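Comments concern the structure below.
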């Protein structure tokens, strides 16, 4: 689709007008505290990957409510100095797959934790390994509307809690108390990076590519692309649930996480992206660090001719360079 | 799509070549026994429907593992003689909706139990009210692949058990020990009618319109229409799980239920139906009553120019007439 | 499609700027007078429906120019007090089908006349029984452009006249002089309900769900969804006929009928409906009763996440309740 | 779509197995005799076309039942010797348009009669000018199912009669008693050329490009492309009308006309054509002249990589050359 | 797509805001001078067309850099007075095909040169005969992005130079020094007509139907229809090449050619055309003759219900009449 | 699309019936000899990739006719023992992109040469850097039909020659005379791996995932998926060129290369792949090594539920393991 959202100049100034839900901070504090009541590393097992450049472990860490969450922990075999840890979250529908799939961060010298997405993994790629042990109220297909009638029951409450715990797990696995931890991801992964960046005050950097789940009230007005279509579908059936469902989505709105960000942010946006419409991405980007006492660095790469694929490898190279700059003399 | 399956003459002789899975009867006996360990009626509450011709109750009955399953129980206000009870199951993605939506059976003088489908209801229509309290292993979107790695964990094990318990619930609600009970439905509802007809020896008739879930091994070779696409998708990702997943589907293959049918069957098929391909429907139809000692009546209406919509109201009229004949002097 | 029309606040104020065609009232007065020159009931024959709750007659009444129009006349078998009569018009492409298809109004205690749509019935559902005996000038496929070069020859002139005569037929069949008569329908049926409501001064209520044919000059600018596509197609071929064709459509513009409404109106709109775009529905709704001396009650249900399916059974329940309120102590 | 029908070798031998309907010859004899009861030329009026190479008249001739049918009669301004007359029929949905649209035959030295298709003209091109004065029973959109419940009422009975009368009109307009008359057309036009070739014993040649309406019983099994979709749609609604409708189509089956052909035939087929599937074209081609006492010349151009567009201008050149050969020393 | 661009009133005033690239005139002067260094007619060979109304030659003329460009040169056999020459350019993807395909201009008494498009011809119609001897840098499929990284290497530089040389060739072939030459075409052909009209000061008239390649910077914001999609695709991959590529397109922007037009212009636009969006067409139309000392006649036919097909034969008739008026007493 | 080709058992036996073109070996010997007349390495320049695990050089080597072909040469920074060299070819439409995109082979300890595809790179991914300096005869969009009228001019002649020279380049870059060289790729890359495997007698192994360009005569009968659609399109326009074009494709038919293979082959196929239909893949696989004196090892992974994506990372893992086994104690 051609450029369908606001002009770039307007995007650069765009602000969400959705009010923050009451009890946002308490909701997340409670959620994270409950998750942290469990020991974070449940299991770690070395795996043979067929690769000589890295060592990989198959990990289970305790996510939301202590549920076991699968992850790959991969460390460059030859790193001498710790360059830091990159915690990576996945796009919608995809599982962590196989440990030789995502070699960028380890090749660049970082330790790498790739978090599986509970219940997901059957749509693309090479599968997932994490059960979502919570039941399903009546919902549209997919994950976005599961439990949407109540912020406490919403699927993304659990997934965001997992993402926060992935940072804890990475620190535990890495074993260096002060190693920088970076959270990163694209699309749903970008949403989780924003969320972890907002909820974990001391990550060192946030890489959010074409982040999903930002400013849902606007997204639902201007797009029906999947997975927003799940919400449209749900509310086309549950016609009386509009306010409740939008109220639940407010609790996982990337804008609200962004306001609480304190680490430097590197983001991206495709101006023809109907999945993560530009104005929703800018709504989060422009709000980043709003609650911080001091100015927070943020940078966004704009891809005017791209749809949801965004900047792809052109962008990952920019991430590598930006991150090297942010993390300094590693 | 034009007629893409076997010619009609071949369909009339078509037989599934899939072997029955070991332990099929034991699996279902165990499942149903466990479900029947719970009192069947959990709650019944009269509802105001805005209608003067019927009385309706909002019911919760104990399904698989005692899970509460919603249903509408509707009785013609003016029936003098009991004509029998029709237990109806829903198509995929649709919930029980509102009690004034399906008035055919009550207008025809039957008591009517409309069973909700756990977790479903967000795709079409007017919503559902039943939680599926079991968690979700990695799966494709939708319900067909949930727990597909294990017959014991498969979503349709639970839904079929609910369908069996709906018969128990209808009998309890109706209160007449010997009233005839008919199971019915289209598509997924037809699959559940076949299942209930196979697992409950003493229902009085089975109405299975364009039934889904028959002969999945063949269906998956000749169609990728939704919801078969869910399995295709899942197995395109979980490339090593083909045998396991097909093995699980064998436990809910309509052909296997059909073999155990003992009540008269009235079925339908659309010869252009890619959702429930003709050969899969005939595979079940032709197997109906195979295990019975005596011949079992069965009849199928063939709609040569129809797709998945099948016979629609033309067919419901044929069902009314056929059922009146089968149930005799009601 | 996402919300593509005006924002809801603007819709609530939206007014059509299309001038009324000269001779609008004379055109319709002439048309109706000519139709009323024929005896209204041509034939009524009881039919066996397989149902015990209702009695149904297969009716032919005299529509436009006395042409025989098929209808089902259905009366609850057990109604004691007359609750009124609901005259129902059908959506585009669908015929009256079979008499057991639409049981809502009779189950709610109303007598029910379901009018067939001349020539239609071959697209969905279960068929129609009414010939349109008038020939076809060069036109696009479908019915909207038949005779569009002349208001006197236009298909919808005939269909609207039929709709008016359906009210006459319902009164004749009901036989109670002062029973309230309600006109109702969705989409094309909603257009006909608006038309009958504007042309028959003394109906008791109008139920117009997602009405078609409102403010065609705007609709043709913002949508090409079927059946508007028929007009787009016709005018893409007959490039010199734009003014003439739009001039003909003015004579069946729901806005012009709405201005003449005097009965209470209950309407609905889906904010994502490209078939009956929100601004065209609101153009009619906001004009309702404009020509009346006193204020006319009107109410509209807005479904923000629905497309052309609108409110479905959620809406029918709201109609039942609203109608009970309007018709009072029935 | 790739090659979806029989292999070419099988096509070359392919025969329809549909029996001829009883009374086929009587039906058409009656139809044509009735049409010929009217004077053929109703009106002829010279038109200014902006062209210097041709003279054109706007003609109305008496078609089925004497209904006025529009046509363009175009004669090369500079022809010295009469090369013959080409009567051309149009593809589905298109009207005769404007007289400067089809200049091939006049540029090649032929007189040219282009027959409008009654009621059509609103789908493509530049419009039509012929009313179909007969009314419409319940039917799908389009023309194929109008009156399909009765061979006497079927739209194509009228159109075929018009096509026969176009030959009469061409002869009357041309004024040379023994000038050769050729009938030609593509798709629907090809169907009409076959029909006229079968019903008018003394045309000099038949040019049938990718002819429609051949062997409908097979076409409806293997394709749902438009306009066959109209029949599929109609029969998906009128589920009890299958035998009647197919019986009506038998009366306009190109195979039956082909059997009666006596003039040389030049045909074409695209092996990827889903509108006029190869086996249906070959069914007619292979039957051409079957009832003749002597062998009848026939030739078919096979376009293995073409869909319904067939041979386009490559084919028209082949037609020009073949026709020059057939008509001899013109 | 419904009317998606500016309202007609705004279109009538619409102006491109893209600055002209530096060196525009020099670039084209250099290009044309280099092309004119070669003798224009390389080869002319009479062809047998099967037609009696015209004489046709198969021509090769020297285009860009002297590359041989194929064309059909067709002259009415019976013209007495020279009516002028029409040079016609083709739409995208189509080659010159066969010489009997386009008979309008010769039938109207004009000599006609139909220029082939280098490298094109494999998408529609009946083929082309002209090699583009220049190699291909990395590019999207199609022709629009070939060499887009450099105005000197861009495919359309070559094609525009060919179009200019076609005028030279027509003059040489015609042999009458002062015969009027008209340039014409639709879509890509319209773009080339605008270009030739801007670069050849003394053509007598320009016919540009729904011209492509106007105001590309705007087109790329509001549409992704093919062939604009080629640029979108290219820039979605070559993310750093946006400025360079748009800068190259400026050199073939129809608006810049239009400013230099001096001959009367007859244009057309479809208000629903996503290939050549209305505002881009009006941007060129409104700029026509801007650099001329005196007012230049221009006329545009607006087709409000047409997409890219525009006015078709209705428009060609208007072209015939307008051109007869402009060229005067021919 | 569901399984649309032959059943798996038939595929395992499937053989192409296309005869080899005369002069196949001479054609390729000549082509390669001419290419080898140029020094292979034209340029090598270290590049900064942002990665610490590898060293990468930007290479230009001499391909067909000495044309400069871009490639990335990447070597694990920490490899001690040479594990061999993997030469990788790209899928259709994609360029070599950026050097950090494909890290699998270097992470597994192999040196890695990634060859760019001349002229391609503008459809997906992150771009290419190689000009195809040869001009374009009239062709469909894309590369498959460029020069298809002559095996000597065909685009794939050049690309296959480049692929052979990439092996030469890898050997030159690697500098170890006897290091094993493996050719690999998916889709178009798989086609090139088969070609290089057939034309270079001494590669050590061939990895061909879902290879394109096998048995084109069959592919064109059973699929029109892109890029086969390019040929269909071309031949639908150039209706007289069928034999010539198919004759050219015979020279790049993977089956003919396969017959000449001598190294062990590891292949894959998706049974629902319409781009590289199973029977065409098996035609090549089953022919592998046919001309060899001794049996040649070959293995194929069958993915029954996959389309063109094939085995993805599941397959790459199988490749890693198989290759380690074949190359032995590395």
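All chains are identified by letter, namely A, B, C, D, E and F, in their written order; residue positions are counted from 1 within each chain.
The criterion applied here is as follows: a contact is a pair of C-beta atoms (placed from the backbone, for glycine too) under 8 Å apart; a residue touches a chain by one contact, two chains touch by 3 or more.
The UniProt protein names, listed by chain, are A, B, C, D, E, F = Acetylxylan esterase.
Computed from a predicted structure; not experimentally measured.
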Third chains touching both subunit E and subunit A: C, F
Chains in simultaneous contact with subunit A and subunit C: B, E
Chain pair repeating A-E, as identified from B-C, D-E or A-C when over half of the contact pairs by residue number coincide: A-C
Farthest-lying chain, centroid of Cα atoms versus that of subunit B: E
Computed distance of Cα centres, subunit E from subunit C, in Å: 50
Whole-Å separation of chain centres (CA-atom averages), subunit C against subunit F: 63
Separation of subunit E from subunit F, taking each centre as the mean of its C-alpha atoms, in whole Å: 40
Overlap residues in subunit E, where contacts from two or more other chains coincide: 125-126, 239, 314
Topology of the chain contact graph, where touching chains are joined (line, ring, star, complete, other): other
Chains that touch, pairwise: A-B, A-C, A-E, A-F, B-C, B-D, B-F, C-D, C-E, D-E, D-F, E-F
Subunit F residues within the subunit A interface of the complex: 50-54, 76-79, 83, 97-98, 100-101, 103-104, 106-109, 125-126, 312-314, 316-317, 320-321, 324
Residue numbers on subunit A that touch subunit C, as the complex places them: 220-224, 232, 235-236, 239-240, 242
Touching residues (chain side subunit F, partner subunit E) in the complex: 93, 95, 118-143, 145, 233-234, 237-239
Complex contacts: residues of subunit E adjacent to subunit C: 1-3, 272, 303-307, 309, 311, 314
